[in-house]
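Should a chain be cited, it is by its letter among A, B, C, D and E, assigned in written order, with residues numbered from 1 in that chain.
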Amino acid sequence: TDLEVTHWWTSGGEAAAVAELAKAFNATGNKWVDGAIAGGGDTARPIMISRITGGDPMGATQFNTGRQADELVEAGLMQDVTEVAKAEGWDKIINPPSLYKSCVKDGKWFCVPINIHSWQWMWMNNGVFEKIGKPVPKNWNEFVADVPDLQKAGIIPLAVGGQSWQSNGLFGVLQVALGGVDLWKKVNVDKDAKVAGGPEMLKIFKAAAQAREWSKDTKVQDWNQATNLVITGKAAAQIMGDWAQGEFAVAGKVAGKDYTCLPGLGVNEVISTGGDSFYFPKQKDPEKTKAQLVLAKTLLDKNTQVAFNLKKGSLPVRGDVDLAAANDCMKKGLEILKKGSVLPDGSQTLSPDTTGQLQDVIDKFWHDLSITPEEAQKQYAAIIAKAD
Amino acid sequence: MNTSVSVKDLTLKFGAITVLDKLNLDIQDGEFLVLLGSSGCGKSTLLNCIAGLLEPTDGQIFIKDKNVTWEEPKDRGIGMVFQSYALYPQMTVEKNLSFGLRIAGMAKEEIDKRVARASEILQIGPLLQRKPAALSGGQRQRVAIGRALVRDVDVFLFDEPLSNLDAKLRSELRVEIKRLHQNLKNTMIYVTHDQIEALTLADRIAIMRSGLIQQLDDPMTIYNEPNNLYVAGFIGSPAMNFFKGEITSADGRPAFVTNGVTFMLDGYRAKGPLQPGTKAVLGLRPEHISVDGPETVNTHQAVVEIEEPMGADNLIWLKHAGQSMSVRIGGNRRYSPGAQVKLAYDMSLASLFDAETELRI
Amino acid sequence: MERAAPKRRNSLFKNMSAKIAAIPMAFTALVVFLGGTIWTVVYSFTNSKLLPRLNFVGFDQYARLWSTPRWLISVENLAIYGVLSLIFSLVIGFTLAVAMDQKIRFENTFRTIFLYPFALSFIVTGLVWQWLLNPDLGVQHIVRSLGFTSFTFDPLYNADIVIYGVLIAGLWQGTGLIMVIMLAGLRGIDEEIWRASRVDGIPTWKTYVFIIIPMLRPVFVTTLVLIGSGIIKVYDLIVAQTGGGPGGASEVPAKYVYDLMFYSQNLGQGFAASSMMLVTVIVIIIPWAYLEFSGKRAR
Amino acid sequence: MNTMVSATGSVTSGTSAEPRGAKPKRVVSRRNVIVYGTLIVAAIYYILPLYVMIVTSLKGMPEIRLGNIFAPPVEITFEPWVKAWSQACTGLNCDGLSRGFWNSVIITVPSVVISIAVASLNGYTLANWRFKGADVFFTILIVGAFIPYQVMLYPMVIILREMGVYGTLQGLIIVHTVFGMPILTLLFRNYFAALPEELFKAARVDGAGFWNIYFRIMLPISLPIFVVAMILQITGIWNDFLFGVVFTKPDTYPMTVQLNNIVNSVQGVKEYNVNMAATLITGLVPLIVYFVSGKLFVRGIAAGAVKG
Amino acid sequence: MNTSVSVKDLTLKFGAITVLDKLNLDIQDGEFLVLLGSSGCGKSTLLNCIAGLLEPTDGQIFIKDKNVTWEEPKDRGIGMVFQSYALYPQMTVEKNLSFGLRIAGMAKEEIDKRVARASEILQIGPLLQRKPAALSGGQRQRVAIGRALVRDVDVFLFDEPLSNLDAKLRSELRVEIKRLHQNLKNTMIYVTHDQIEALTLADRIAIMRSGLIQQLDDPMTIYNEPNNLYVAGFIGSPAMNFFKGEITSADGRPAFVTNGVTFMLDGYRAKGPLQPGTKAVLGLRPEHISVDGPETVNTHQAVVEIEEPMGADNLIWLKHAGQSMSVRIGGNRRYSPGAQVKLAYDMSLASLFDAETELRI
């Protein structure tokens, strides 16, 4: 049976990863009809939601693991896949368990988490530091110390693309790495406005204010163009999720040799368990429903998980798979995961609306150098106070 | 003879504006009726009501004794010729002529027969395959008439069909329409604001003014015995000369005084007794005044102001009784400005109106 | 003749065909535009998130709207962009039309050059100008490589002037059409007006300013409708060229609406913003449309 | 001129100093400099992006990386065009724009035809068959012209869903018809209103009804305005991205969606040459329509837009 | 008296089309010259050349003895009134009048004086604050004249200034223009294709045909002694009746034979001897034929076909010598179709043309 699958994985590494999913699904005798929509989730999600609410649902669709599709589920527009989940014992194999919590409503499963993406990474070009005659920094503080030399050498210290979610993500990473997990949880999970307006947070804003200065010569929009600046040595570092790794791979770079990754900026080594999940909008055709269940099963298949995540640069959601082929960075990630130093992702704790508002504040703060950290923090805290 | 078209108490309003007000009109079978009036008086509106292109607010319309007030235009047995001809630009002449018939689903042979007949009557045979753009004004006009002709209707309606043409063509086509009427003997209703057209074509003329018919009569009566001041001033070019004054009696005979000048009214056929003291207006047509001719009871002196030679005639403008007046004389008699002339009037051709009611007395 | 007159036809069934033919228009006007508008306004008073729900919260959404810096910036940007785009479109369009009207050679070539961008979508326009205005690739790069190393022209990366960068692209796309309409208007002006002004000894430019422009009123009305409707709708261009950045400095209301509705999944807020836009449009357009299109043209 | 010549006398012999015939003109007059100067400067502004697109699309990536986007290609390559047309990838599909082309054609042709048919019928009804309420519809439509599409997206989704045509070609045609209606109706109404009313009356006397008049009288003489409407709709619909992406599915995506996918799917470095070629290919259809019918367009604009 | 405007060998070509061909014309100071001709004959072109609005291909133009061939329009001392008036629609009447002067930087008082004078002459004082849209046709016309008037020029150029007006207004304004000329005594050049305008207004008329002047004479001469067949046919409404035939002699006197009908030419003032055997065309004006009057040497029978009463006159169309001809009689004499009438001609008013050269003989 043909099943149309929509997603926004269109960059080089992502596309290769999707191909693995398709291959696995096709092997079950069904057909994966690819419905890629480029331009990222912001572009793709409205289209997906329109189609689902418009009564022309696709066979399966990607959403970020979290609250994005909650209302669609509540409105009864999503296929219940509990049957497969029970049979496969997903609740036992998915690690960490927090991942599937957002898939389960009233004991019923409505989605399949497929990977873990963590924002908590900094990527650095080793060659650049060689050039300025310094060792590759092991943590944020060492990096900060190298910045003047980098600038002297005409190298952009920190590459940040123009899209607002990039600066926002970066800010989140700084929050966890420099402020610690507790601070992050108080703000993002407990929505404690007092903490958000407190002195600890101000430190983060001040650090961000520094970082924005270092990045202001990055005149590109897309995250992977920014990554490319790091790859080509025009910039020294980028704070970006683990998907950036795919770009390094496509460019033929080797982790540890050509580039270095620092989880949690080398300060606070944690993994945030964002990622992607697949949902299965309800179909009229029972054949399709059957195919959906097959796809659901295929996605969590061990082999699929390995093949997919290797290409994608993300971590598998199953704790029981062997990632021998994983590279240096991924192994670091897996390690941390095993240790259980995990955080939920922002999109799991905050509503898209709140995320959007916070993003606006950070984005403006990032690009408008005249906004002081104090001002930005005030606005930030106000939104947290009203967050849902 | 029967009435062919009959309009009863027709009222038409556009929103708050009343364009036609309880208008009544009976037109005889085979009659050529001209609706004459200045721009905006409601002529086209009346014609469109008769044609069924406008819905009357009130009143009824009968054609051939049939109440057609709510009929579609095509079912009224009328044909219409428009000012701009309204030929269908994308169709050949033949197609233009046959369009209505084809719409009605008439048999091919019958259509051909009718088109042939119309093109013969109007002598447009050689033009049948041309498009309107390739026709001269006069030819277009004929095609427009032909379009009404093929429909074999009882009543022809014309809305200023000649007003877009130049003077020369206009006078030629006027004669043609007259000839057509003599041959077809249809009822024709013809709207114009050109009085020459009205006078030359009409069996009867209806003079309209702001939605009302002022006078309905044959052309000679309208010209010579206008019902009221408006009609008198409207008809005739150059216009009738008017003098404001008072009726008196002089030597026991009725007379008219204006600005100290006395006109004896001998020969004027009044409608009733002429009451001395009545404020009145005397109207004299330029061609009814003789210049330097034999003396009559009414002979006055005047000074020539301007001369307008018009070829066949000569129009001279004079100062008389304190106002400007025009007199028409033969084209070969010339007067230069400043010349003194003797004017004599034929009161049997004059008109006299009550200054208040503006009606003929 | 005294037979009873036929009944006046029921006015409902008069011109039946016309009314049937008007069904799509009536549907569009009443269901889509009017219905859609009312629906939008109603839901702007709810706290709908991803899906519309009738959970009324009064004016909350509006209160939040007008205290959101991004919305305020959007409105301000639209005002700046709108005013400038209006002025420049008219000025450039008219200037070009005047130049084209001077019995020039290669008129067809010039006209095609000015008009072709209109054939391209805003998405394409945005992309092309993003490249041209990219400091590392486009104009700035070229001028610098000519030796003017301190030359800076990076409107898309400078929050203060980003809206002008967008304007450059917007004008590029749209002025050609304005020029053509103006040109058609100029060509429609009675030749004798020109002769009269020459006999009066009025210099050409004064003739344009004092005589021709006032005579082109209907043309300006048409262009205003076109430019105006384009301004309010500006969205694709921003998305393709700047994505609203840097730092939200080039946000516009249409984008706010779209982002709130679909990205932030806060339909209520998006609808409130929509309603604000609609109200503005209606307040400006209805009286004007009423004056311009009714009454006068009645036959 | 002190030797004032008697006008009746021997002027005909005319000395060479005597003005005669046309006044001699300099080619480089101040007026010409201003007029052509303005035009040429403007022309550069308008033509530059096209030039850059074409030039870039003919270069190889190494050459582009070297810099000058205005420099003509050293080595002309059609590789990017081929790639954009048939090889560029989005997700798993690596057949470039070629897929979208036919989808665009399939979407554009019926949408253009139907939206114009409906709008011209509206214009005709409004101009010639005014009935109560018609003006209200028209006013709403005109206001509708000012509503951003994004605002109407949600209601439109619901309407199409209720009609059961969401995601079908019919649905998309309805969307294009609805959103093209305001401006097109305005154009057609102005055009038909400017035709002599007598033409309409003559046809009615001839017995033609609503449809006969429309098809046999009005349509055949409205070529100029149809050309304008067609150009506006072809460019509008061909270039449309939002509706194309929201109201279709991957296998019926129009070219603009493919273009967006190609341009926004960055594989490592941005392949400017491929992107430019893709952009050009996508714009080709409306561009050709413009180049072919430019004159008619201007004529039609004069007929439909100027008489407000 | 001096020549005011003088045109020497003027040639004008539009591409390959020669519109004016070595045209010469001298206009006296204070003269009212009318350029008359059918549409497209080059009248406006000539006028525009004189005004400086068109550049001649060859030839020279003098105004007040000054060679102005290369001058700008504003420096030629001319004022011009256009067919469509070309008033500036958004300016009040006063602004319309003064705009040119203000642009020229004239002192405010002087402007006011001139506007006041012009508005007095033209009696448009009360209209000064209105816009053109709020004026009637005749008022607009006056404003257009006023715009020329305030410029205090030597030569007035009119390009069919009355052709957009209805008949009534046209005849009124004609008189006004004539009066204006009598007062101002400027040189005026007036283009029209309306012969009544030409005949009534002109001191001299230049009849043009395809870029050439056919006859330049005073109106009476043109009307009574047309130079050639074209002029004879062009002037006069209803048009002159033409008979194609041959000159013979009967009883030793010159005569003209057509279709077996003989016209004695007694009293015709020929330009030279009339050669019997010459193919010729005889022209008789409708008003120079008497009906049922006293018998003369030329008395023929004819049958009335159609009657066109025009109020003051009555035009009857007859069949005579195998062709249709029209005769004008008094408005009160009526003939119905089919009536037999006796026609008599006054040959001293007839015209005779060579059939080949078409020139008067």
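Note that a residue touches a chain if its C-beta (ideal position, glycine included) is under 8 Å from a C-beta of that chain, and two chains touch if they have at least 3 such contacts.
Just so we're clear, the structure is a prediction, and the values are computed from it rather than from any experiment.
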{"item": "Chain located farthest away, centre of chain B as origin (C-alpha)", "value": "A"}
{"item": "Most heavily contacting chain pair (counted by C-beta pairs in contact)", "value": "C-D"}
{"item": "Mean-CA-position distance for chain D and chain B (Å)", "value": "53"}
{"item": "Centroid spacing, where centroids are CA-atom means, of chain C and chain D in whole angstrom", "value": "15"}
{"item": "Centre-to-centre distance between chain C and chain A (centres being mean Cα positions), rounded to whole Å", "value": "38"}
{"item": "Centre distance in Å when chain A and chain D are each reduced to the mean of their C-alpha atoms", "value": "42"}
{"item": "Residue list for chain C, restricted to those that touch at least two other chains", "value": "258, 261"}
{"item": "Multi-chain contact sites of chain D, meaning residues that touch two or more partners", "value": "153, 158, 260, 263"}
{"item": "Residues of chain B whose C-beta touches two or more other chains", "value": "none"}
{"item": "Residues on chain D engaged by chain E in the complex (per definition of touch)", "value": "1, 4-8, 11-12, 14, 18-23"}
{"item": "Sites on chain B touched by chain D in the complex", "value": "48, 51-53, 72-74, 78-80, 82-90, 99-100, 103-104, 147, 151, 159"}
{"item": "Chain B residues touching chain E - in the complex, by the definition given at the top", "value": "39, 166-168, 171, 174-175, 178-179, 182, 193-196, 199-200, 219-220, 223-224, 235-239, 285-287, 306, 308-313, 315, 317, 328, 331-332, 334, 337"}
{"item": "Contact footprint of chain A on chain D as seen in their complex", "value": "89-93, 153, 157-158, 160-161, 164, 166-168, 245-247, 249-251, 257, 260-270"}
{"item": "Chain B contact footprint on chain D (complex, rising order)", "value": "196, 198-199, 201-208, 212, 216-217, 220-221"}
